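Accompanying notes for the structure given below.
We just call them A, B and C in the order they show up, numbering each chain from 1.
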């Protein structure tokens, strides 16, 4: 099946770097630790709502792990380079739809990052921190579902960002802007119910919470699996946008010649 | 001007371990292998000479040049450029050297050519007036005016090469090391660069050491050739002497009308290279036996239908010197 | 001095070549400013709800963050390619720097001069806003400006020294990016927030091993809170200069290794 072939190729390609990636996990773990320290610092003198200090530690720690599923896909799914080299014209002409093609490749990347980054950091945190374990098998399963949704949303976002490369040379900035919004609105450092008014409003109406807030809440057992319903809707909406974007890309390539 | 005496360079290389846990084992004990890249090389170049420095890839050419520039330090032996050692007085020696690596640029990639020259002038402490006049001369000589304000990354190869040569000459060095300056250029660009280099040597008296794989460069520019192979000096003499040593080897490919039986070649000056059905390939030295003579002799095997002559590979020619 | 002349030309040339694409220049500057502020904005959002973190208010945290950002922007503007030494070692481009009649470190520093407008803008803006608010609250006065500038300068030198030492390991290891992840990225992220929130061992590392605490936290303890003596500024500069000295010696060793192995 083409999906598996493409995903597996990306996964295998990454394996040669796993030694240095495993070391870099330590750096990532430290970043998470820094964010946790912020909450232990605050928790010293203030109450932390329904989470409590233990809950917030688990919240931030699990979010740091989630970062590797939805936070670092290949920039623009590699489309910027493809546009620069002209390869994009050929890719658009293939019998396989560009979105399916790039999405499959990216799932391989996400799978690799799950195995070699999420899991090691998660294991490390379980060992050194008071990180909560999942409440039940069904909670764990629901978490995985939420993670899958977050990965898919991230793929769609980067597909759209990458597509923009056909119209502007500055599409890397969109990656950074997306990253900035994600950090602020996805509940990465602070649960979205604690965001100040306008930000909370924007966040609630966006897909960002499904990247961090939703998987972590489900993991902590503080929300039930039906929270992903909104995420599924966003997946559908973003997929349609990606298909539309592909149409526009094809049109542009035909007119401009790539 | 350039004095190289008993130069040696040995590199120590890690041999990778085989077997399980190789990465970890390598942290605890390491096996080395010693590779001698340059072996007892000595030569002397006077001011104003134009010397070709040739040899197959991996022969030790770039290692020697790097030692002459002060980039690498020799394991033993000395280099003196105008009496100073590049490895002990790197900064002084580099002021008198202009170095050009054909594949790499000495300019700032994102900035206009003019800015690169300004920065270089500041680095070499060339004062404003001097810089202006040198730049004026070089701009005219190399026809840089049309792209002075273009960023280097937008230049064509020929343009970039000319700008690089100007950059190498800006501080008026006495000695030039040029590494494959004509590589990748089209015929007319090659011709104009060669003309420029010849002028620099003849009219301005610059000492030039040229490494190249293009025999035409050697033929047209160099009065003297040094050949290096397997880290050792193979030949050091005039271009004329080199030509005589290697002769003018040619391979002649013949196609006969019908099958040929070749028991023995008609002349000791011919060497068999290959034979198949009705085709025959021989090589000879054009200095010793003219192609027309060779053809007449080879007609003894039967009527010839087709002839093709081939100049041999440069590397093979050099190999022949041993 | 030809060094100053060189730097002047580099700054002007860099500005000029960026200005050619006017829209691009302003756009990327503003984008860069916004995006680089994210790490601070994350904390700001938390502090908007929780007022303070171990006694550090949002404006004090902003001050801490801003002076580190400015120090880093200065360091990376002047010596960007020291951080990228790995690239030069892999491509062999270090050789051409050895052909110049200047110390190789200086040649490396001038290679990719790139004024970080976005970070300077954002750091400067946050600093000005926070200091104005602190002055309004009466916590500091005009006398705080000079020590702040001193702290920023010292921080830049310190970050440069840390960067230099990290990059120099490349002469032995070639690949430096993994180490730099820890010494530059992780350390910088940690120093953006008040160090008292970290457990003792981490504070120890950030003061004794990768002494980034001297770049912003310790000066701020004196300038903002009066909890440290004014000598802490002198101490910061002393550490910065000492570490730079060490870095230069280490660099010399690295270069002479390069001279003998060629890679």
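Here are a few things to note about the model shown:
Following the convention adopted for this analysis, contacts are C-beta pairs under 8 Å (C-beta built on N, C-alpha and C of every residue); 3 or more make two chains touch, one makes a residue touch a chain.
Everything numeric in this text was worked out from a predicted model, so none of it was measured.
Separation of chain B from chain C in touch steps, taking the shortest path, is 1. Core chain by CA centroid proximity to the global CA centroid: C. Among the remaining chains, the Cα-based centre furthest from that of chain A is the centre of B.
Per-chain Cα centroids separate chain B from chain C by 45 Å. Mean C-alpha position of chain A lies 29 Å from that of chain C. Rounded to a whole number, the gap between the C-alpha centres of chain A and chain B is 53 angstrom.
Residue positions of chain B touching 2 or more other chains: there are none. Interface residues of chain C facing chain A in the complex, by the touch rule stated above, are 24, 27-28, 31-32, 34-35, 38-39, 41-43, 45-46, 48-54, 175, 178, 181-182, 185-186, 189-190, 193-194, 196-199, 202.
Listed in rising order, the residues of chain B touching chain C in the complex are 11-12, 63, 66, 69-73, 87, 90-92, 94-95, 97, 99, 101, 104, 106, 108, 110-112, 115, 118-119, 122-125, 151.
The touching residues of chain A, counted against chain C in their complex, run 20, 23-24, 26-27, 30-31, 33-34, 37-38, 40-42, 44-46, 170, 173, 176-177, 179-180, 183-184, 188-190, 194-196, 199. Within the complex, the chain C residues that touch chain B are 2, 5-6, 9-10, 13-14, 16-17, 93, 95-96, 98-103, 107, 110-111, 256, 259-262.
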